[in-house]
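For reference, the structures are reproduced in the following blocks.
You will see two complexes here that share chain A, one where it goes with chain B and one where it goes with chain C.
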Partner chain A sequence: MDPSPQSPPTKKRKMATSTSTSTAAAPAVVQEHQFPLPPILTHPSASPPILITQGAEGRLYKTTFFSPDIPCALKYRPPKPYRHPVLDARLTKARLAFEAKVLERCRREGVPVPAVYAQNAAAGWIAVEWIEGAPVRVKINEWLGQRPKNEEEERSAAGQDHGPLIELMKRIGAAIAGLHRTGVVHGDLTTSNMMLRPHTKKKTTTSEQTNGVSKEEEKAKLLEGDVVIIDFGLANQSQSDEDRATDLYVLERAFASTHPRAENLFEHLLESYKQSFKKGASVLHKLEDVRMRGRKRSMIG
Partner chain B sequence: MALETLQIEHVPSDHHVYAALFRDVQNVDFLQAQLIGKNPEFEYAFIDASVIISRTHLFAAIFRALNTLTEGTLQTPNVHSDIVIGLNPTNNISESYRRYGLTPSKTRDVLVIKVVYPKLSPENSTITSEQQPTPESIWQHLTTHIQGTPVPLTNEEFAKSTDRAKVRKYYKLNGVPGVERIDKADEEGRRREMEGLVISGIALRGL
Partner chain C sequence: MPDAKGRRIALGCEGSANKLGIGIIAHDPITGEALVLSNVRDTFVSPPGTGFLPKDTARHHRAYFVRVAKKALALSGVSISEIDCICYTKGPGMGGPLTSVAVGARTLALLWGKELVGVNHCVGHIEMGRAITGASNPVVLYVSGGNTQVIAYAEQRYRIFGETLDIAVGNCLDRFARTLEISNDPAPGYNIEQLAKQGGRVLLDLPYAVKGMDCSFSGILGRADDLAAQMKAGEPGPDSKPFTPADLCFSLQETVFAMLVEITERAMAHVGSNQVLIVGGVGCNERLQEMMGAMAAERGGSVYATDERFCIDNGIMIAHAGLLAYETGFRTPLDESTCTQRFRTDEVFVKWRD
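What follows is the complex of A and B.
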C-alpha cells in the first residue's frame, strides 16, 4: 500500500496532505491524535470545538458559548492518573475556582482580562471570553522582523522608529500595574500570556486607507490595540512587593529570551509601571534584589 | 406563535428549552399562587423581566441550571426553580425567588421558561416519553393562563423593561471601577461591561 516504506513518518504526513488521492485520509489522521473531548464539549454546538493548545496542566479549546455567535475559550484540566483521585479532584477544583475568582475580581476592578462565562470546577473546566487578536509575543516579533537586518542599518535606525513599540511597552506596564493594584500577582507573566486586542471601532475606514498611508504608519498599526492579560492558572492574591517584583522579574527574563533585540526597551515598561502604580517605586527597588538572586527567595526545604 | 425554542450551546440534545415574554401581565398573583401551590401543570420558570438585561444574561442562568440538572446536583426541587435561583449571584434561595421571580402587584413583564427533557420514572428507571409536552401544547397552556401581550425575545424588548438600578443593586455593580471607568456617553460599552460582570456573577456563585 505505502509507496515509500522507508520514508520517515513526518514526511509521509506532509505528502499525504499534498497529494489529492490521500486528502480524505488526512482528517482521520488528525482525529486519531486528538485527545478525547471533555464531557461538557460532547454536547452539541453550532461549530465543533477546536483544540488550540495543550499546556502542562490542561488543554485550551476554542468553542462557542450560550449562543453560536459568542466565541469562548474553554480551559479543561483533565484528571491526572498518577494522583490519588480524591486529592486530584480537590486540587483541580481549588485551582479552577481560584482562577475564576481572580478573573472576576480583576474584571470588577477594570483590569483588562477575559470575562468568565461559566465554570464547573468539579468537572475541571472553565469557559472564558474569547479575546480577539494575537499574543503580544507574535506582534512584537512581527514588528522586530520588519526591522533592518544588518547591524549598521540597525544602529542608524535605532531610537527613532521604535516609537510604537515603546508605546506598547508602556501599555503593558500600565496593565500590570492595574493588576498588581487589585492585589493579584499573575505568577507567569510572559508576552505569550498577553493578548493585543484590536480596537473594534472604525475597522472599515482604516482598511480603506491602507493604500494611502506611508509604510511607517502601516507598521505602527501593527502594535495598536488593548493589552489583555490572560491565563491566570498560576495567579495568586498578594500585596507584597516581593511577589510583585518576582512577577516583573519573570516577565523581564521571558522578554529578554523571546525578544532579545528589544531587551533594551524593557525599561520603558518598568517606567510606566512605576508611574501608574503608587507602590511601583518600592516594587522596582525590590526588583533589584530579585535580579541579584533569582526568583526563589525561600532557601528552606 | 411567540414561543421560542432556545438554542443553547453545549446542552444535551434531548433537552429542549422554550421561552416566551409577556408584557403587562394582569394575573401575576394567580401565576405565583400556582407556583406556591406546587401545581404540576405550572412547572415553568417565571422570571420578572425587569432584572434581565439581555438574552445572553438569560442564557447564562439557563445554562447553569441545565448543567446542574445533568450533573444531578439541583439545589431546588426542579430545574425550573433552579433557573430562577441561577440568576442570583448569591446563595440565598428565598431571596432569589423574591428578586428574580414573580412579585404580585410589582411584576409587570413576565418571562417564561420551560425545559423539556426525558425524565426517568421512579419505579423502573425507564424513560417516560409518552406525555412530553410539545411546543404547541406549551404555548396553548401559556396563552390560556397568562393574561398579557406576548412579544419576541429580543435584546431590544429586554432593554425596554430592564430596571438598570435594580440590576446594579442585585449584582453589586454600583461604583464598580470596571464599569465606572467607561465613559458615560459610551452607553453600549457600559451595557456590555455590565453584562460581562453579571454573567461572571452567575457563573461564580457557590465558589
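What follows is the complex of A and C.
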C-alpha cells in the first residue's frame, strides 16, 4: 500500500494518452505484472508503469502523465469476473465518471484531493495527481507500534503522550469538514483512503531520515504532513446531515477495527470536525442516531 | 469429566431463529481437533407467503427440545457423565425462541449437574466455519436471515468491518420469497436459488446500495416487490418482453450477491488478507460461493465455505464455540444464564485465539 519506497522511473519515454494503437508496448514490463495491463498502459510510455496496489475497486498504477517528470496515479477498474456484465459495465462507468466530477469539484473548492489529469470512464480508467507520502493507516500503525502493547500501560499512557497523534486526528477532522462543506460525501472513509503528504517537496527515504536525527525527533516527525483524501470511487454529492453522519460513522467503525488501540482518540477528530464546519454540530447530533441504528442492527441470528 | 480418551465434550443448544439444533462435539486435548459426534436439527417451517412468528417458533422449540436432545445424545454415543458442559445461544436472535432454548439448556444443566456456557451466535458460526474449513485467519462474511456482517479478527475480538444498514440479506431474500409466495420448505433462500437458475434472460435493474464496507437491502426489496407487482399485472420488462419470477430471482441474487462480494473484497484489501470464509444460512447458496470464489481467485486467494449442515443454524457450532470458551475457563453461572436479542459479535472477548 505504501507508494513511497517504489524506485523512481528510469526510462525516458512519454506516456501516450492518445488512442492510437502501437506495437511498441514493452513486454518486459508487462511480464512484471501479476495482471494484464489496461490498454492505456500498453502504449509506449515515459516510464514503466508500476503496480502499486490491488485495491478492492481496481488496480492502482504509478506512471507519468504528459511529461516524464510528472508522476501520476492511474486507477484502472477492470471488469469484475464475479459480477453480471451488464451490472458491471453500469457500475464501472457511473462510478468513474462520478469520481472525476467529484474530484474536480473538491479541487475547485480547495479541498486537499488529487487533481484529475485525464479519464476514460467507458474504458475504466482515470489518471490523477501522484500524492507523495504514505497512507494514514500505515503512519498511525507505525506510531502505535512504538507504544506499549500492554493494556494497563496503555491506559496510563492514554492522552499523555499521544500528542502528535491527537494533532493528526484533528487535521483529519478538518479535512473531512472541508470535504463535506463542498457538498461531497466520500462513501468509503478509512485511514487507508487518506495520505499523509510530507511538507517538504524533497523525497526522503527512511534511511536518510535516521541519519543524524534523534529517535525522539524522528518519532515526532512521523505524523507530520498534510492529510490528502483519496479514492473517491464511492463518493456522492449530498448536503444531508444523514449522509455526512454516515460518512463519519463508516470512518469511526473502520478506525475502531483498524486501530483498536487508538479508538479512544476518535473524539478529537469529531471535535475538530465540529469546529471546522458550521453544520458540524448538527451532523454530530445525527451521528448519534446513526450509531443507535447501528447497534440495533444485530437482531436475529 | 473428560471421556476415556481424555477428550472434552460439550452439548450445544441453538434456537435463535426458526431452527432448533442440538449437537455434541469433542475436542482432542492434544491435537485440538474438533470431532462432531452428533448434529440434530428440526426446523419450524411456516406456510408459503408467511414468515415465522416468534411465538409460534418458540412453541415449536419447546415442543421439540426433548426429542431433539434425546436424538443428539443417542447418535453421539456418549454417556451423560462424559459431557463437560452445556452450551446455549445467549444471543442475538428472536426473544421467544432464544428463551425457550435457554430454559431447555438450564434444565439439562441442573438435571445432569453440568456447567453452563452462554455463546454468541455469530461467534459460533465463525468458529465452526474455521474448524470445518481449516481457514486460519480469514475475512468472514456472515450472511443469514438476521445478520449481514463482514468480520476480521484482531486483538482478541472479531471486529465488524462492514454490515447491513437496514435488513439482513437473508431477510431480503426470505421476504421476497413471500412476495412470490414461494415455498419456505426447506428454506425460502434455497427455493429462490433454484428458481434463479432458470432465469437470466434479462438482468432487471435494481438499486445497488453499497456505502463503504456497509450495504443496504431494504430499497432493493422494495424495488423487487414493485417489479413483482408489475409482472403479476402482466406489464413487460425493460426490453418490452415479459419477465418471469425466475428472472426476478436471478436479478435479485446477482445484485445483492455482487454487493456482498464487493464489500468483502474491500475488507480483504483493507486488512490485507486473501482468505475469505462464508458462514450463515445464505452462505450455502452456491451462486454466492461461486462469485466469492471468482473474486478470491483474482486476489490470489481462496474461498472457504461449508454445506448446509454447518452453514444453517445448528447446535454443533454452539457446542464448539462454547467448548473453546469453556477450555479457557469461561463459565456462565445459572443466575446469569440469560439471553438477549442484541449481542454484537465484537462484544465477545476471544480468549482462545492469539
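Just so we're on the same page, the second predicted complex is superposed on the first by the 221 of 301 C-alpha atoms of A that agree within 3 Å, B and C clash if a C-alpha of one lies under 4 Å from a C-alpha of the other, contacts with A are read in each partner's own complex, and residues count from 1 in each chain.
Methods note: contacts are C-beta pairs under 8 Å (C-beta built on N, C-alpha and C of every residue); 3 or more make two chains touch, one makes a residue touch a chain.
Just so we're clear, the structure is a prediction, and the values are computed from it rather than from any experiment.
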So, A:Y82: does it touch chain B (first), chain C (second), both, or neither? second
Can A:V116 be said to touch chain B (first), chain C (second), both, or neither? first
Given the touch rule stated above, what does A:H285 touch, chain B (first), chain C (second), both, or neither? neither
Once the shared chain is lined up, is A:H43 touching chain B (first), chain C (second), both, or neither of them? first
With the two complexes superposed on chain A, say which partner A:L91 touches: chain B (first), chain C (second), both, or neither. second
Contact-wise, after the overlay, does A:H199 reach chain B, chain C, both or neither (first, second, both, neither)? neither
Contacts of A:K101 with chain B and chain C, given as first, second, both or neither: first
Partner chain in contact with A:I70 - chain B first, chain C second, else both or neither: first
Set of chain A residues, in rising order, touched by both chain B and chain C: none
Considering only the defined contacts, which chain A positions touch chain B in the complex? 40-41, 43-46, 63-68, 70, 97, 100-101, 103-104, 107-110, 115-123, 127, 129
Chain B - residues contacting chain A, complex: 7-13, 55-56, 59-60, 63-64, 67, 71, 176-178, 180-181, 196-197, 199-201, 203-204, 207
The chain A residues in contact with chain C across the complex are 1, 34, 53-57, 80-84, 86-87, 91, 187-190, 192, 234, 246, 250, 253-254, 256-258, 260-261, 293-301
Residue set of chain C touching chain A in the complex reads 14, 16-17, 89, 91-94, 121-122, 144-147, 152, 154-155, 157, 159-161, 163-165, 168, 171, 203, 208, 210-214, 254-255, 258, 261-262, 265-272, 290-292, 294-295, 298-300, 313, 341-345
